[in-house]
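What follows is a group of structures, each given as C-alpha cells.
In the two complexes that follow, chain A is the common piece, with chain B as its partner first and chain C second.
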Partner chain A sequence: MGYTLSKEQFETLVNRLSEQYQVFAPVKFVGGNTFTDVDVIRYDQVKNPEEIVLDQKSDYSFKEVLLPLSETLFYYTEEQTKEADIPRGEAVVFLRSCEMHAVKVLDDIYLNNKFEDYYYKRLRDKIKFIVIACPESFDSCFCVDMGTNKPEGQDMIIEQQGDQFLVVNENPQWEAYFEGYAKVDQAPSYAKENKVKVHIPENLNPNIAKSSIWEEYDTRCIACGRCNFVCPTCTCFTMQDILYSDNGKAGERRRVQASCMVDGFTDVAGGGSYRKKFGERMRFKMMHKVYDFRKRFGYNMCVGCGRCDDVCPEYISFSANINKLEEGMKEVGEEHA
Partner chain B sequence: MRNEYIPFISEITEVIKHTDIEYTFRMTYEGDVRPGQFFEVSLPKYGEAPISVSGIGDGTVDLTIRKVGHVTGEIFENYVGDKLFLRGPYGNGFDVDDYKGKEILVVAGGTGLSPVRGVVDYFATHQSEAKSLTLIAGFKSPNDILFFEDIARWKQHAQVILTVDCAEGDTDCHIGLVTQFIPDIKIENMDEAVAVVVGPPIMMRFSVMGLLDLGLKEENIWISQERKMCCGIGKCGHCKIGESYVCIDGPVYRYPEGKLLID
Partner chain C sequence: MDINTKKLKKNAFRVTKQRGYTASRVRIPGGHLKAELLPQLQEIAETYGNGTLHITSRQGFEIPGIPYEKMQEVNEKLQPIIEATDINQPERDKGYSASGTRNITACVGARVCPYGCYDTTAFAQKIEKEIFPHDLHFKVALTGCPNDCAKVRMHDFGIMGMTEPQLDPSRCVDCGACVKYCRTKSVDALKTVNNKPVRDTEKCIGCGECVINCPTRAWTRSKEKYYRLVLMGRTGKRNPRLAEDFIKWVDEKSIIQIIKNTYPFVTEYIAKDAPGGKEHIGYIIDRTGFEEYKKWALKDVELSPKAEVNQRLYWKGPKYHTYG
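== the complex of A and B ==
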C-alpha cells in the first residue's frame, strides 16, 4: 500500500526526516570530478530536498555512508589509545535497488565473516534505507541478470511519476509521516529489462586464471583503481597512521579505501608481491565479484550497477568481460589441476 | 561488542638476537594462542605488521621479527621503549593434535621456522607423543640461522637436518636446498606420516612435490601461507586468495585446500 504525494509533500517528507536523521543522497557537484571538470554525482548530506538527484545514477555509490573513504579508528599517544567517536548520528540514505542488494554484501563481509566489525556496526545500526525506484534501466546496468532489480530490505520506496511521487512505506515507525495522505493501491516499478545482458557460465572455476582472456588487460588497464572506488560492493581498506606533528608523539590510525587494481595492494614485507600483471588483477577482481564471494556466501557479489563500466578511463567493460568467461572456460577446460 | 582494531600494550620481557636483522621479542600475553597464529604488532605512527607466534610461554608469546619493512625496521630501532602495541592472536594456527602419534616431518625455510617452532618444540619436549620427529631447516648462510640454541636442543630428541649455503669446511651443516634431503627421509607408514611445510612460495612448492614423490598423502601435508595481513579479521581484503581469507581461514591449510588457492 502506498501514498501519492505532490512534489511539495515529498519535500515536506524529506524535511521531516531531516529533523530526526541526517539525510544522505546523490547530489550533483558541478565541475566536481577529480580528473576533469565535468559534473559528478556523489553522496552528500542533503540540506535541501531539491538537491537530491532522482533521475540519474550516481557516479559513486552510497557505500561511503557506511564505509567512509577515510575513517579514524582511534587516537594514540605512546602510552594510550582512545577510540574515535562515531562520525554521525541516525541517518537515512537514498539509494537504488542494486545498491540495496549491495548492503547485504557489505553486511556479510563486515558482520558475518567470522568477526563483527565494530566501526561498521555502529554506523550500520543507525541507518535507514529509502530506495529510489528505477522504472527504466540506465544504459550500463545489468541488474536483471544479476538478480538485483527488485529491492529487498529497505524502509521505504519512492518513485517519481511526473509531478507526483508514489511512496511505499515499509517502516511502521514512519507511518506517522503519512497521516492524512491519500492511500493508493499501487506497487512501485522496477527495471524489468536491461540493454546489457550478462551470462556467468555454470562451469566457471579458478582454472580460468590460465585463460588468455586476461591478457588484453595487461596493456589496456592502467591500474588506476577507479572501478573499485565507485563499486558499491568493493570494501577493501588499508591502515594508515597519521602523526600530528613531526616531533610529537600523538596521532591517529585510520582506515582508507583501497583497491586491488592498484600497485602495492598485495605487497608483503621484504618486497614480495602477488598479481603484478594488470590482467591478473582483473581476473582477481572478476572472480571475487562473480565466483569467490558466491562460494563463500551463496550469491554473487557484483550487483550489476554498471558503475565500473561508466567510470573506466580506458573504456574497459566489466560486463563485456563477464561475457568472455564462457570462451575462457572452453579454452582451459574444467579440470582443476 | 569487541573493538578488534584497538591494540593493547604488551611489555617486552626479553629480546633474543638471532641475526643482525632477526630478533625474537618475548612479550607478555595472557590467553589462548597456538603456534602459527599471528599478532598485529604496531608502533604508532608507523603502522602495523603481522608477526607469527614463534613460541608460547607461561604468560608470554614470542614474536620473531625480521627487519625488512617500514614498521619492522622501526620496531628494531625503537623497541627500547620496552613495550609494543599488539592485537590478536589471529588466524587458525597449527593444531598439534593433528600430528600426535605419527611420524612427523617439518620442512622450514628461513623465517618459515618461526610459525612451526612451537610445533617442533612441542614434540621435541613430548617425545612420547610422536613416533618420530624430523626437521629439515634451510637458511641462506650460517649467519642467517634462527633459533640456534633450540636447534641444538632439538637435536637430542629429533632428527635435525640443518642446511645452508654454507662456508666450505663447516662440517656441521649440509650445503644445499631443503628439498634435496627429502628423498632420503625414512618413513615407516606412508599412509599416516604427516608433514608441515613453511617457507618462501617456491621452496614450499618444491618441498611438497618432494614429499608427494616420497609417498606422503596430500591430506597429510600442511602448509602455511604468507600474505599481507592487514586487518587480521576478514575485512580489509588484502589477504584474500580465491574464496579464502588467509587471516581467518588460514594461514595454515591442509595441502588439498591450500593448493587450490590461486593468487
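== the complex of A and C ==
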C-alpha cells in the first residue's frame, strides 16, 4: 500500500525529513568528473530536494555515507587520545535496490564478522534508507542475475512516475508524514530484466587461478582502483597515522578506503608484496566478489550494479569477466592439483 | 591576361606556379567543420579546380587549379561555406575579404580529447570573430593542454589550456596516482605530506594529469578555465624560434584584448618597406623591444590576481640573419 504524491508533495516530504535527518542522495557535481565539462553524480548532503538525481545511476555509490573515503578515528597528543566526533548525525540516504543489498554486505563485513566495528556501527545506527525504484535497468546493470533487483530492508521506496511519485512507506515512525495523502494499492516497480546477463559457474573453485583468462588483464588493467572505489560492497581500508607538522607531538589516526587493485595493498613488513600482476589482482577481486564471500556468508558479494564497468578508463567489464569464468574452469578442471 | 595579384591575395586566392591558374584558400577557424560542407568543397574542386583538395598546414582547405577568370564564380560557391563557418564578411558573394590574419588553428580540444582543458574550437571561433578580417599578418593557434599538439609555440600567439587542480582532502585515500602521474607524465609538482598530496603551485603547469588519474574525485578541475599565453614563436628564414611564456593563468577575455591591442602596435611600428605590407610581429618586437610591446599589449587589460605576468621575455632560436 502506498501513496501518490505530486512533485511538490514529494519535495515537502524531503524537506520534512531534512528537519529531522541529514538527507544524503546522488547529486550532480557540475564539471566535477575527470574530463573537462563532464559532470559527476555522487553522494552529498542535499540542501534542496530538486538536487536529488533520480533518473541516472550515480557514478559513486552510497557507500561513502557509511564508509567515508577518509575518516579520522581519533586524535593523539603525548599522553592522551580523543575519539573523533561522529562525522554526521541521524541520516537518511537515497539509494537503489542493488545498493540496499550492498548494505547487507557491509553489515556482514563490519558487524557480523566475529566482532563489531565501532566506527561503522556508530554511523550505521544513525541511518535510514529510501530506495529509488528502478522501473528500467541501466545499461551496465546485472542485478537480476545477482538477485538484487528487488529491494529488501529499506524504510521507504519511492518511484517517479512522470509528474507524480509513488511512495511506499515501510517505517511506522514515518506514517505521520503521510496524513491526508491518498492511498493507492500499487506496488513499486523493479527491474525485471537487464541487458547484461551473467553466469557464475557452479563448479567455480580456486583452481581458476591457474586459468589463462586472467592474462589479458595483466596488460589491459592499469591498477587505478576506480572499480573498488565506486563499488558499493568493497569494504577494505588502510590506516594512516600522521603527526601535525607544527610540533610533531600531536596527530591523528585515519582510516581510508583501500583498493586491492592499487600498488601497496599487499605490502608486508620486510618489503614483501604479492599479486604483482594486475591479472592476479583481477582474479583476487573477482573471487572475493563471487566466491570467497559466498563461502563465508552464503550469498555473493557483488550486487551487479555495474559501476565498475561504467568507471573503468580501460573499458574492462567485470560482468564480461564473470562470463569468462566458465571457460576458465573448463580449461583448468575442478580437481585440486 | 590582366590580374591584380594584390587584390586576389587579399581575397584569399594565391598566385600559383601554373600560369593562368590560382588556388582558393578556405579558412576553417578552430579546424572543426560540419561534414555537410565537404561535398560543397568537392563540387568547387571538381567544377572549377583540378579535382583535388589540399589540407593546409593552418587547418584550412586549398583548392588548386582554378582558372583566374573563375574566381568570382568560386566566391559565390564559397558563400554557404563562409556562412556556415561564421566568417565575418563585409559583402556577400565576394569571398574572403582579407587573408593577412591567418586561419586560427586549434587541436581537437575538450570536444573530444580527454586531456583538453577547454573547447579549443569554440575559443578559436570567438577570436576569429574578434580579429578577422584584417590584412596584418597574425598567426594565432590554440591547444587544449600543455601537451601542445597544436604546436602553438610556433605562432605569434599561442594559447594553451590549463586547469587549476582543486583538492578535496576528505576524498583522498593516498593511492598515489596523482603523484606518480605528475612525476612520470608532467612536471613532478606533487609530493605526499601526511598521506595527502601537496601541490607546488609555482611548478604546476595546470595540465590536469592529477585530475585525470584521481580515482576518487578528490582532485577536480577548477570551475574557471585558465590559459598560458605564449608569444612570438615563428618559423621562417631569419630566426625561427619557439614562443616564450608571457602570462600564466590568464583568462579568455584578457587574451582576446591582448591580441586586439597588438594590431595598433603593428600598424605603428611595422617596417615601412615590409614586403607586401607583411612582417612577422616578432621581428617588430625585436626592433622596438619587449617593454614597448608590453605597454601596448596590456593596455586596458584587467588581469585577475591569479595571472602571473613575465615582465621580460628573451627568445632563442638560430639566428641566420639579424634584422637591420
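Note that the second predicted complex is superposed on the first by the 331 of 337 C-alpha atoms of A that agree within 3 Å, B and C clash if a C-alpha of one lies under 4 Å from a C-alpha of the other, contacts with A are read in each partner's own complex, and residues count from 1 in each chain.
Here is the rule we use: contacts are C-beta pairs under 8 Å (C-beta built on N, C-alpha and C of every residue); 3 or more make two chains touch, one makes a residue touch a chain.
The structure presented is a predicted model; accordingly, all values stated were derived computationally and were not measured.
Asks: When the two structures are overlaid on chain A, which partner does A:F278 contact: first (chain B), second (chain C), both, or neither?
Replies: neither
Asks: Could you look at A:F229 and tell me whether it touches chain B, chain C, both or neither (first, second, both, neither)?
Replies: In the superposition, A:F229 touches chain C alone.
Asks: Where does A:E116 make contact in the superposed view: on chain B (first), on chain C (second), on both, or on neither?
Replies: In the superposed model, A:E116 contacts chain B only, not chain C.
Asks: One more residue to check, A:W214. First (chain B), second (chain C), both or neither?
Replies: neither
Asks: Please name the chain, chain B or chain C, that touches the greater number of residues in chain A.
Replies: With both complexes superposed on chain A, more residues of chain A are touched by B.
Asks: Per the contact definition in the header, classify A:Q240: touching chain B only (first), chain C only (second), both, or neither.
Replies: It touches chain B and chain C both.
Asks: Mind working out whether A:A258 is in touch with chain B, chain C, both or neither, as first, second, both or neither?
Replies: Touch partners of A:A258: chain B and chain C.
Asks: Between chain B (first) and chain C (second), which, if any, makes contact with A:F129: first, second, both or neither?
Replies: Once the two structures are laid over each other on A, A:F129 reaches no partner at all.
Asks: Tell me the contact category for A:H288 with respect to chain B and chain C: first, second, both or neither.
Replies: first
Asks: For chain A, give the residues common to its interface with chain B and its interface with chain C.
Replies: 238, 240, 243, 258
Asks: What part of chain A is in contact with chain C in the complex they form?
Replies: 29, 31-37, 40, 42, 60, 68-70, 224-226, 229, 238, 240, 242-245, 254, 256-259, 262-264
Asks: Considering only the defined contacts, which chain A positions touch chain B in the complex?
Replies: Touch list, chain A to chain B: 73-74, 76-79, 81, 83, 109-110, 113-121, 206, 209, 235-241, 243, 249, 251, 253, 255, 258, 260, 265-272, 274-275, 280, 284, 287-288, 291-293, 295-296, 336.
Asks: Can you tell me which positions in chain C touch chain A when the two form their complex?
Replies: Residue positions touching the partner: 110, 114, 116-119, 163, 169-177, 193-195, 208, 211-218, 220-221, 223.
Asks: Which part of chain B faces chain A closely enough to touch in the complex?
Replies: My answer: residues 1-7, 9, 42, 44-49, 66, 68-69, 71-72, 81, 85, 226-228, 230-231, 233-238, 240, 242-243, 245, 248, 260, 262-263.
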